[in-house]
């Protein structure tokens, strides 16, 4: 361990101002909006200045006041906000869209059309057509479009990806990815739990439940680290809670380009599991194992050698993970810090554009709208496969 | 923890002699034969008195001398041994068959026909027809026929089974079972490694590689603990090592009677994994998690409560696991002790027959020839499914 | 796990402004200053507006610019800053002092005399006389004076303290506390490592090395959770690195009021240890175990029952730890979040004073200047004991 | 992992008979006697043929029958047994003494005088004078005298010792050893628990309680692995259970030859701990960490590198630990196997004498009567120190 000045902290940069962030969704009672705000604030690269925080104008205003926003920049809806901000000299540098799944597409489109950089929660949309439309528009407009598959922001996830790329485990053979929770083990959507209600409602969540909510994270993480893409999958989707309309559990077999095989399990009824996203990758000459709930350790086993515990910012951890660490090894960083790494990398990207320079290559490791499209394609393939009794289905992202 | 006299030790029993064991296979250079011998010896219930230890007469004799056997009872083959022993007054009480897979059927049949109790390694046979033949014969002869799915002997595996039966986790929803090793990550069968050679040779191993060698253990363990049977599976089998003729990795989706779903992964190319057999079972009201490499802990999480660490013979461990423990909690027992529990339970069964009484019900938890048949049916279903591009296939044990 | 709106996030409060923070120390190249800033920012309760960031005026100005401070409020020293801020209408609400140990007393005194609330890093001072002087002055002035023994901010440390208070483990018998690091295993102070240089220099660190730097945290944590005070200790201090002038390792026996016994070990030469602060408390009817490097789990074992894994914000975690959590269980929070809890609690205290109300009792769990005095008394007792060949010495804080 | 023939199994040796073992103590209701018997049996090197199993003649006979001993060789006492066995051609090769502490000296002396090899449980005696007497007598007689500090038999404890000797961690600086249990947390000695009764009775246990029962194991293990001897200690002994006459908890500071420092904690009232013997050794260039409850992993951290998990018989494990392993890595071995390693090494020593050759050097790693003397000296030093208010006391073994 070395005790020294931190990497990500704003104090080490040369900057003349914080970037200005707007937010769609995330008003009182929301969950992920608050996470985005903390993530944006953590490294002091962003300041929240505007919002369309709720579809209820009253709640939007109250939420804006909570957040000490200038009432002038508390908008009634995304369209009004896109227009209003576009008209200002001190307009936002980017918008964060943190609404439920079904309400990503419309605001994203509005802000893209107005030329803003976009940060959107996942899954990108509830249909592949909408997702592709956003990707095309983002490409046309030439803006930054990040999708917050936040688990890619963990330092040791970045480290794992770099190790695979460097050949440390050889050609990938097997990928085991799981994302298990238990908060939907019973039908709490019937008991007024707002987060459960929209996630189990096809109208708001889209065609999938657990597959969209957490399976898409697992899929993204697997591809992000393994560096090979899933070509086909074979899925068995279940709704265990009686009467639930969307899957709350899914098992899949995966076939990757290049011949790797794998399995994905996601569940929201796995009693005792909290947020158990785990990834294990086995290659010809080594393996890697990482678990989100204990994210400061990465196990790397070269063939024929003892497993090595690579600890965040510790001995054997490379530059890529040191760059996105704030504290010395042994001082645990967690979910919020990992999420914040996305915001700081996005800041790097946008500041580079403002300065007419290039962002550091490491800052480009943030999932993009294209990854968002793949996520939606994954969801659709899983749903198709399950309907066809677990037939192999291709991921049709392209 | 309580320090007191142990359960399984022979000293607590009332007996006039040790049971006499014979062994087919297990000569010099063998692996599992020595394990069976230690297991039989551990609780002082058995004494090895006869053997057909190798197909090479010379090696058979040398191995017999190593084991201090009476040369008169060192036989050249199973048939000779069955005949020879049947003719003696002090004949063996049971025979242990510890040869490679393809060489189980013939000796098992010979000893069954001679009326001996049989202890046979897994998988029972290399074809379902042969397996069923043995089951029928065992039934006809009315003998004890145990199949050493030894992982069922671990005290906390028994505890887990009892907890499921007692309703501690409610109706089973999800079963995740894995068995990962790495010793076949490269083609060591080409380098004179005897254990690898027969396991990767279809003539000796049967139609499956990893699926038969370790997948069958995983399958058995899952059913043993979950208390529900797999009805159908969907399998993707791979041989990753270039040129290998049998699978060294398999992924399966499982559907259980009663609606539970699951996944099974077995691999012998998972670099860094030694003998990573793990089982997780999620029910409506709780879950259980156990790992063979750390077998003295069972995690039980009742819904809405913190996970509880049930430690072998420790607080919260029930009578079923205390019965098969020798040492106080905190004094780790392992693979050999778990294996020995099968031998001691088999001894209970045989002694009860000799005495004309009934064995304690707990002593009947040893896998039987019917479980052996299911294991072979599982292997055949997996191979069929994989050939049909992972189509759902039924387990045809019945 | 429940996914819902977070507790500490600013959005849930009713407030009209953020509190204004000033900082002494923490300029370019510093470590703990950046941590304080992130901690203050995390929950959006504070905004940094002024600083005397370095003893070098040039560096102070550059550091102020890094942090986007108004140049008018970037001061050349603590005295100037205390005077300057006292003269402003929008003066700071509190000052954070984050200089090396020897440079705490003077600025703390200056800001106290000017009537400011003070947040001071640990150990409070390098002599007990100075510490008592600050405590007296803080009392006279009636201000909030917090000492950042930040490990008390971890949700499950608060939970552990509450469990002990509630009688969950009965009367405390044994306390085992350790704080092990390895970054000073070699004499990196000779190689220009600035953090090591001042920590191993008696002129800047005071009479103790590891005992002051980390032993004081361990001592504070033990008393904080155990709820009983150390009366006497018996210490063996060592400087293992050749030529080092201050201890880099210490072993102590502890005797607590009420009869509990314990041991404290702190080391900065424990190769392989990063920031291994661990605490185990054994009472008559239960025990608790917590480790800083894996802070989202607290093990609670009631006598005669299996250990229970209490997870932050998870099943079985009480209100006291939920209050200081931002994310659902399973979404790890770490060092920065724990540190931030102190800042948010201090904000609660100061806002209550501004509003003429009382802070919630839970917000008073922040270590105070009196805890700071105890910390210095602990250091002095350890040094005295070690000089007298590990004679028992009393903690003379009173 | 490699699957191959095992090391310790009798089948690999060349031998004409099993060694004959006698036992003093270990009758019905005893604990450690059964452990010794399993340990002796495990590798098929010994056969139990004689015993003075209880001080009650009736119980001795019943116990002999339980164990299927020839009634002629079931003796009424140690003296009778020493005489009886000495008179036989097929006399025992060694005697195992497994009585409570106070009843070690007399039988050991009787068997030594009759020229038998002796295996004695720990602590060797209840006074240093008696211990030295046995050591002198053993030396005079030239016999093997082993003391069953069984934790030295764990493969990875041997590995750790070899690593320290090889210089893998450099000069030892810090040794942290603990042995915590909870079974005496309440006064179960008052409730008829036989094991508790003699251990808490000064007449049977000697001058110390936990220090003799488990502290002596911890002390032995620390010296065994660290390879340096404790010169002085400073001890605080406590009896927490009201009315208990011997310590049930002890804390000690340790000073080793060569300058290493350490701490020892033993407790039998540490609620939640079962048999938590742990050892951590920190040297100039590396560290080692091992825990008895999870004995198949040894953590080795070279300075500046990630921790390495050395697994029993796995990658990176050396010849010394492979030699005393029976099963491939990943197949956990535990307490009984570790204990059995002592018996097999003692068999090697005795067989070498019978054959007029030398035992392999690795077989000499079994604690001897001299280690037994050091154990008693440790106990006496701890008791002296505690009586003198934790004054430094020397270990007076020499």
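The chains carry the letters A, B, C and D, assigned in the order they are written, with residues numbered from 1 in each.
Following the convention adopted for this analysis, contacts are C-beta pairs under 8 Å (C-beta built on N, C-alpha and C of every residue); 3 or more make two chains touch, one makes a residue touch a chain.
Just so it is clear, the structure is predicted and the values come from calculations on it, not from any experiment.
S.K.: So, comparing C-alpha centroids, which chain is the farthest one from subunit A?
M.R.: Computed centres place D farthest from subunit A.
S.K.: More contacting C-beta pairs: A-B or B-D?
M.R.: B-D
S.K.: Taking each chain's centre as the mean position of its Cα atoms, how many Å separate subunit B from subunit C?
M.R.: 55
S.K.: Report, in whole Å, the distance between the mean C-alpha point of subunit B and the mean C-alpha point of subunit D.
M.R.: 33
S.K.: Can you check how far apart subunit A and subunit B are, centre to centre, with Cα atoms defining each centre and the answer in Å?
M.R.: About 44 Å, centre to centre.
S.K.: Among all residues of subunit B, which ones touch two or more of the remaining chains?
M.R.: 182, 273, 307, 311, 314
S.K.: Provide the residue numbers of subunit D that touch subunit A in the complex, in ascending order.
M.R.: Residue positions touching the partner: 300, 304-311, 314-316.
S.K.: Mind pulling up the subunit B residues that touch subunit D in the complex?
M.R.: Listed in rising order, the residues of subunit B that touch subunit D are 1-6, 9-18, 28-31, 34-35, 37-38, 41-44, 63, 66-68, 181-183, 193-196, 273-276, 292-296, 311, 314, 326-337.
S.K.: Of all residues in subunit B, which touch subunit A in the complex?
M.R.: 169, 173-174, 176, 178, 182, 185-186, 234, 236, 238, 240, 249, 251-253, 255, 261-263, 265, 267, 269-273, 282-287, 289, 299, 301-303, 307, 389-390, 392
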